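Here come two complexes built around subunit A, the first alongside subunit B, the second alongside subunit C.
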Partner chain A sequence: MRDNVTDPNAASRRDFLRGSSVAAATAVLTQTAQVGMDEAAAEALATQQISAQSGTISVTLQVNGKALKTEIEPRSTLLDVLRHRLDVTGPKRVCDRGSCGACTVILDGQAVYSCTTLAISSQGKTIRTLESFDTGEGGVPHAFHQNDGLMCGYCTPGFVTACQALLEKNPNPTLEEVKKGLDGNICRCGTYVGVIQAALDAAKAIKV
Partner chain B sequence: MKAFEYVGATSVDQAVKALTPGSAPLAGGTDLINRMKDYVTSPERVVYLNDVKELAGISGDAASGVTILAGTRLAEILASEVVKSAYPALWQTTSEVATPQIRNMASLGGNLFQHPRCWYYRSGFGLVPKTTDGKHMLREGDNRYAAIFMTDGDALYVHPSSLAVPLIALGAKATLVGPEGERTVEVEELYKVPTSNSESPFATKPGEILKSVTIPASKGKNASYEARHKQAHDWPLVMASVNLTFSGETVSDARVVVYGVAPVPWRSKAAEEAIKDKVITVESARSAGEAAAAGAKPLSMNGFKVSMLKTVITRALCTSAGNKYWEA
Partner chain C sequence: MAANSWPESTRLLNKDYPRLDGLAKASGRAKYPSDERPEGTLFGVILYSPHAHARIKSIDTAAAEKMPGVKAVEVIAGPGKLVRYHGDDIAVVAAETEEQARDAVRAIQVEYEVLPHAATEAQAMAENAAKVIPSGNVRKGRAQVDGKPEEGLAKADAVIEATYSVPVVTHVCLEPHGLTARWDDKDHITAWASTQAVTATASELAESNELPISNVTVLTEVMGGGFGSKFGADLWGTTAARISKKVGGRPVKIFLDRIQEHLAGGNRPSAMAKVKIGATKDGKITGMIAETFGTGGVARGSGFPLPYVYKFTNFSREHADVFVNGGNSRAMRAPGHPQGCLIMESALDDLAAKLGVDPLVVRKANLGKDLLGDQTDRTQMYLEQIDIGAELIGWSKNFQPRGSQKGIVRRGLGVALHQWGGGGAPDKQVSCTVFPDGTIELKSATQDIGTGIRTVMAMIAAEVFGLQPTDIKSNIGNSTFPPGQSSGGSTTTPSMSPPCYNACLEARDEFFKKIAPALPGAPKPEDLSLADGKLMVKGEAAMSFKDAARKIGMNPISVTGKFSQGLSSNGVAGVQFADVTVDIETGVVKLNKIVAVQDSGLILDKLTWNSQVYGGVIGGLNYGLFEERVMDPVSGRMLNPDMELYQLAGASDIPEIVIHAYEPAAIKKRGVIGIGEPPTIGTAAAIGNAVSNAIGVRVTNWPMTPINVLNALAQAGKV
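Presenting the complex of A and B:
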C-alpha cells in the first residue's frame, strides 16, 4: 500500500472501481457544462476578476510530505480524493457527516474531519495521515497495539490520528485532557479504556 | 451533492463580489457540506471564506471590548486569554461546541449562521415542515427537542447556534459587509422567525456576510450553564447565558438569554426583571428561573425542557456568583 501512495498511478484494486465511476462522472459533467453560466453573470465575473472553477480540475495535494497530482471536482471531499484517487486509505469513510471521526487527518497541524473538508480548499496545505506516523516503540500506533486499543479496528485510524494531533499540541495531557481531546471520535465497540490508556502511554513514550 | 462552481476568495471584497444570487458562503464546512450532501442546500456557486486572512483574528481587551473576526476558528477563541478571563460565558460555551476537530474547522461566522438542526428540515421538509394534508410535522410528530416558547406560531424548531446565546447576553454587535457596504447590528437582530418555507431564518440582506462581532467591555459578571445528553459532540438541550452588572452586592442590570427553547435565541425578560435589584443567592436565582418558565407552552413531547429551563437559569446565575452548589 505504501508504494501506491508514492505513485498514485500505480494499479490497484481501486483502479477497477475508479474506471467504472469515471464514465458516470463524465456524463454528469457534460450536463453541467451545457447549463453553463448566463452571459450577464459571465460578464460580471470578467469585470470583477473573480475566477470560478468548475468541472474537472487538476490539483496537487501535499500528502505526507509528497506532492501528489490528481484530478478532482470542486465538490470532491478531501476524504474521497485521498482514498479513491490517491490510494491513501488510512482515513476511513464511516458516517461521512463529520460525526464519527474515522476520517480524521491533520491539516496544517490541526486535526480535522476530511469528509467535511473540500479537497479543492486543501491545496497548498500540509495534509498528514496516519501512514506517515512513527510505527516504532515511541509512536502512537504502538501504544494502541500495546493497550489493545481496538476491537473491530475501524475507528482506530481516526483515533490514532486524533491522538497524534492531541499530543503534538499538548505533549503532557492529563486524563481529562485526553478524554476532551479525543471527544471527536467514536468507537462503537466501546474500547475507550484501551484508547485512553494508549494516549497516556504514548505521551510518556514520546517524551523518552 | 450537486456539482457547483468554486471561488476561493482571498479578500473580503472578492468574497462579496463573488456572492452572486444562488451562491453560498463556505467557511469550516461542518454545516454547509453536510447540507449539500443531503440535498437540503444546493448552491450553484460556493465561495470559500476560510482562507481570507483579513477575516481571522481577535483584538482588543477586557477594558475596551473585544472584536472577533468572523473567520476566527472556535479553537482560536478558546485559545484567547482575554475571552477566557473576561467573557467566561462565551469561553465556556465555545469549549462545549461539538468536537476538537469541528472546533479546529468551524468559524464564528459559520456557527452564528448555521442552519437549524431540526430533523424534518434536515430531511428536506423545510423550516415549517407540513404534510400534504397540512399537518405540522413537528407539532404532530416527534418534537422532543423542539421549542417551548413561540409555539403558537409555525416555526417550532430551536435556534442552533449556541454561541449566539452568550454573545447576545454580552450585548455583542455584529458587523455585516455586503454589496451596499458595511452595517452594524445587534447580534440578536441577525435572526428572524420564518412563517413559511420560502422565508429565511436570517435577517441579512442578499450577498451579505458577517465580518466581525464586537463584545463591549466587561463590566460585571457573566456565565453560562448548559444541560445536555452527552458530554461531547452534541448541542445543548437547554442552555442559559447571563450577564450581570452590580451596584454593590445587588444586580443593577441583567441579561438572561436561553438556548434550545425557541426558534431564536430566547431573551428572558421575565428572568431579568426577577433578578434585578436582588443579591444573587440560590433562592433569588431559583425565583428568576421560575419567572422565566411562565408563559412556556411546550409541545407534546418536550415538557421536560420547562424544568431544564428553570435549572439552567438558576445555575448560570449561581455560577456567575461563584456558587456551584450542585457540585458540593
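Presenting the complex of A and C:
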C-alpha cells in the first residue's frame, strides 16, 4: 500500500471519481455484477445530461528538479499528466488503479502510485521519477541492470523507484524488508529473483 | 561459407552478459511504443460491450461527435451487429486528450437487444443452453486411439479414475495491446506498436489500408510483454490507422485499458479432463482413456497435448471445444503444454500413490519417444534430469508417501516433467554492416520481447569481431529491416542467432580480404585475426579495429547472413520439483522451494537465460497458486479484470528457486534452442502434486487456492 492512501491531505482519485463509471466498474467486484451493470446504466443516463466535463487549468509541477508548467484537467492523474502532457514516460500505466506499482513516483519523499494521485494535488510538492536517479555504479538502475532484474522492462520503472524510496528510508534493509518494500509492485515476466538481488546489491553499494 | 557449428571455446558466448538495453529500461529512458506521442497525437478510447451477448439495435454518435476535442468517432459494431462477450469492441473515439475521448465514449448512445448468454463452460454445456455460435456450443474433435485401451486397463494392477481442471487465465501483458499509427503522407504509414511480430503487424496495416507492405514501417524498439497474445496489429491497430487517415494523417494512439486487456487481449483456454489410467506394479502404464474439453471463448483452440511426455500404448482420447461468451483465446506461453502437463502428471501421481510406488520410479518407467510430440527421444535427458532435481530438492531424504502425514501443517514434495520444441525457422536473415569508422551494425526485423535477443545478437558479433557487445549496434524492432522472426514458440534465438553468426563471419572475412592489400607487407587475408579490439597480423597486434576499419575505403561492407543447419536444434526436456507446506485448516499453500532442471541446447547468454528460467517458474507458480479468470454466470461478465482480484505473485510470494542448466557437452553440441516457454510448463503440475502429497488427497481444480484445497479435503471427508 502506498503512502498516498493513508495521507489525509492527498486527494485520492478513487474518492474523486466515486459515482463515475470507473467507480461503477469497481462496484462490480464488490457487489454482484448485475448491480454493477445497473449502476453503469444509471451512470450512462446521468452522463447524457452533462455535455462536457472537460476544462483545463494551468499548473506548475516540480518534476525532477524542474518547474514544468502545463494545462491539466482537475481530474487528471499525476501519471497521465506526466506521460501525456510532460513527456515524462518513465512511470508506466499498467493497472491504472493502484494495484501494480508500475506508475510509482516519489512525492515529497514518499513512494506513491501516481495513477491514484491527482496532478492538481501534487502542486507544490517535489515529484521525482526514476529518470532523475543516478545511473552510475552504486545507483539503483545500475544494480537492476547488472542483476538482470528486468526482462520486458515495463514494470521495472516502478520497481526501481520503489527500491530507491525504500533505500532512502532504510539504507540497510534485510531480505524480508526488501521483499516487503517491493510488495506494492507486480512483475509479469517473473524477474523477482534479479530484482531482489538488485535491491540488496544497491543497498550494499550505498554503504560503501 | 555458412557455419555448421559454434566455436568450441568462446570469450563471450555461453557466459553472463547484462542486456544492452538494461540500463535504459532501468532508468526510464527506454521508449516503449505506449510512451511514444508523436507531434499532434490524438488519443483513441474504445467503447466495448458491457453485455456478454447482445445485438446492437442502434448506435447514436452525434452527441459524442460534438463534444470538445473530439476529432473522429469510428463505429466498429453498427446496428444489427452482434457483440459476443463482455469487452467486445463497439466504437472508438479519437480526441485531443484522453480525458475528452473518455467523455465522448460515455456520450455514445447504444441500444442493445440483450441476448441470453453462456459465459462459463457449465452454462455452455447445460441442456437448453444459450447458443454462443449457431452450430452449437460443443464441438467434438476427432478421437485419438492407439491400441486397445480397455484391454490395456484390464491388465493393470491398479487403475485410477479422476477429473482435473484448470481455468482460463489471461496474459496480463503489463504494456497493453495497442499502437500509435500515423499517415506520414498519402501513401505511407508509420506505427509504434507493442508487438511480438513487427512484420505481421506491418502486413496487417498494409493490407487493411491497401498499401504495399514496403510503405508501412512498424517500430518496436522495446515492448512490455506479449506472452503469445501480440502477433499482429489487431482490430485496435487497424482502426487507429484508419482514423489517422480520416483526420488528415495525425497520429492516433490506441492502447487498451486494463479491463479490456483482460477481456479481449487474449487468454489461455481452460482444460478439463476425465482420466482413467492404469499401470502394473512396476509403474508401467498399461492403458489410458481420457475425455477432455476446454474453452477458448467464442473461438476454438482449446486443444492441448495428452498423453504428454510419456511413452505407452493403449490409449484413447476425445476432446471437445466448448464455446462460451468470452474473449478469444490466444497463444499463451507454451500453448496447451501447461494444461496437458498438469493433467498427465496429476493422473500419473495419483496412480503412483495408489500403486504405492515412488512417483519418480513411475516416471522413469514410462520414458521413450513420445507418441504425440516431436519424436525426439528425451529418455536419457529425463533420467539424468530427474536425478539432478531429486538431489537438489532432497527427495530421498524428505519424500514421504501420500497420506502418511498427520497434523495441521503438512509438507509435501511433487515432481513434473515437460517438453518443448523451440527450434529455429530456416528463412530468417540478419545483415551485418562494417562501416569505415569502425561501427558495426546488425539489422533484422525481429523484436525483443524481453528475452534478450538484441543482446545475444550483439554478443555473437562481438565474439566474431573481437569487440565488446556494447561496441555493436544491434538494431531490431523495425519491419523494414531484413526478414526476422516473430517472437513465438521459443523460436527467436534459434532463428536469429544462425543468420547473425553467418553474417558476422562473412562480413569479417570480406573485411580481411579488403584490408589485407592495404596493410604493411600486404599479408594474406588468412593471416589476419581480430582480438581485444585489435587487428592481429599473424597473431601480432597491428592496430586498433577502428584504424583497420578505415582501410576499407569509402564504402561499408555489408553482408546478409542466412540460416544454416547445425547451429540450432529442436526439442528440449525439463523436470521441476516443488516443496510446499499446506495448512489443512486454512487451505493456504506456502511454497518452500522450487527446483527447475532445464536443457535448451547451447546457452548463448547465461544471465538472460537464467532470467527466463526463473521467470518461467514464476509464471508457472502463478498458474499453480493464483490465476483464474472468474466469470459471473448471471451477468456473463468477468468479475476480476484487474490486478488485485486477478492475483499474481509479488516479491513476498517468491520461494527459494533453484535452477540448473542441464548442458553436458552433447547437449551443447546440438546448438541453440529457445527457452522462453519450456520452464513455465511443469511448475503448476509439480505444485499440485506437492500439495496432494502433503495433504493426502488430490486437489483436482487449479489454482491451489484455499477454497480449492479445502473443497478437496471436504470432498474426501478429511475435514
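In this section, the second predicted complex is superposed on the first by the 154 of 208 C-alpha atoms of A that agree within 3 Å, B and C clash if a C-alpha of one lies under 4 Å from a C-alpha of the other, contacts with A are read in each partner's own complex, and residues count from 1 in each chain.
Criterion: contacts are C-beta pairs under 8 Å (C-beta built on N, C-alpha and C of every residue); 3 or more make two chains touch, one makes a residue touch a chain.
Quick caveat: nothing in here was measured; it's all calculated off a predicted structure.
By the document's definition of touching, of the two partners only subunit B reaches A:112; subunit C does not. Using the contact criterion defined above for the overlaid structures, shared-chain residue A:97 touches subunit B and also reaches subunit C. Once the two complexes are laid over each other on the shared chain, residue contacts for A:173 go to neither subunit B nor subunit C.
Of the two partner chains, subunit B and subunit C are each touched by A:183.
With both structures placed on the common chain, the touch criterion links A:73 to subunit B and to subunit C.
Judged by the number of subunit A residues each one touches, C leads among subunit B and subunit C.
Of the two partner chains, subunit C is the only one that A:195 touches; subunit B does not reach it. In the superposition on chain A, the residues of subunit A touched by subunit B in one structure and by subunit C in the other are 28-29, 32, 37, 44, 48, 51-54, 73, 75, 96-97, 99, 180, 182-186.
On the side of subunit B, the complex with subunit A involves touching residues 1-8, 14, 17-18, 20, 26, 28-30, 33-34, 36-37, 45-46, 48, 50-51, 75, 98-102, 104-105, 231-233.
Subunit A makes touch with subunit C in their complex at residues 21, 25, 28-29, 32-34, 36-37, 40, 43-44, 47-48, 51-54, 73, 75-76, 80, 83-84, 87, 89-97, 99-100, 102, 129-131, 133, 135, 140-142, 144-146, 148-157, 160, 178-180, 182-196. Taken in their complex, subunit A has these residues touching subunit B: 28-29, 32, 37, 41, 44, 48, 50-54, 73-75, 77, 96-99, 101, 104, 110-113, 116-118, 120-121, 162, 165-166, 180-186. In the complex of the two chains, the subunit C residues touching subunit A come out as 18-19, 21-23, 25-32, 34-35, 37, 43, 50, 63, 67-69, 97-100, 103, 106-107, 109, 172-176, 222-225, 227, 257-259, 449-452, 607-608, 610-612, 614-619, 622, 632, 634-635, 637, 639-640, 642-645, 648-652, 654, 657.
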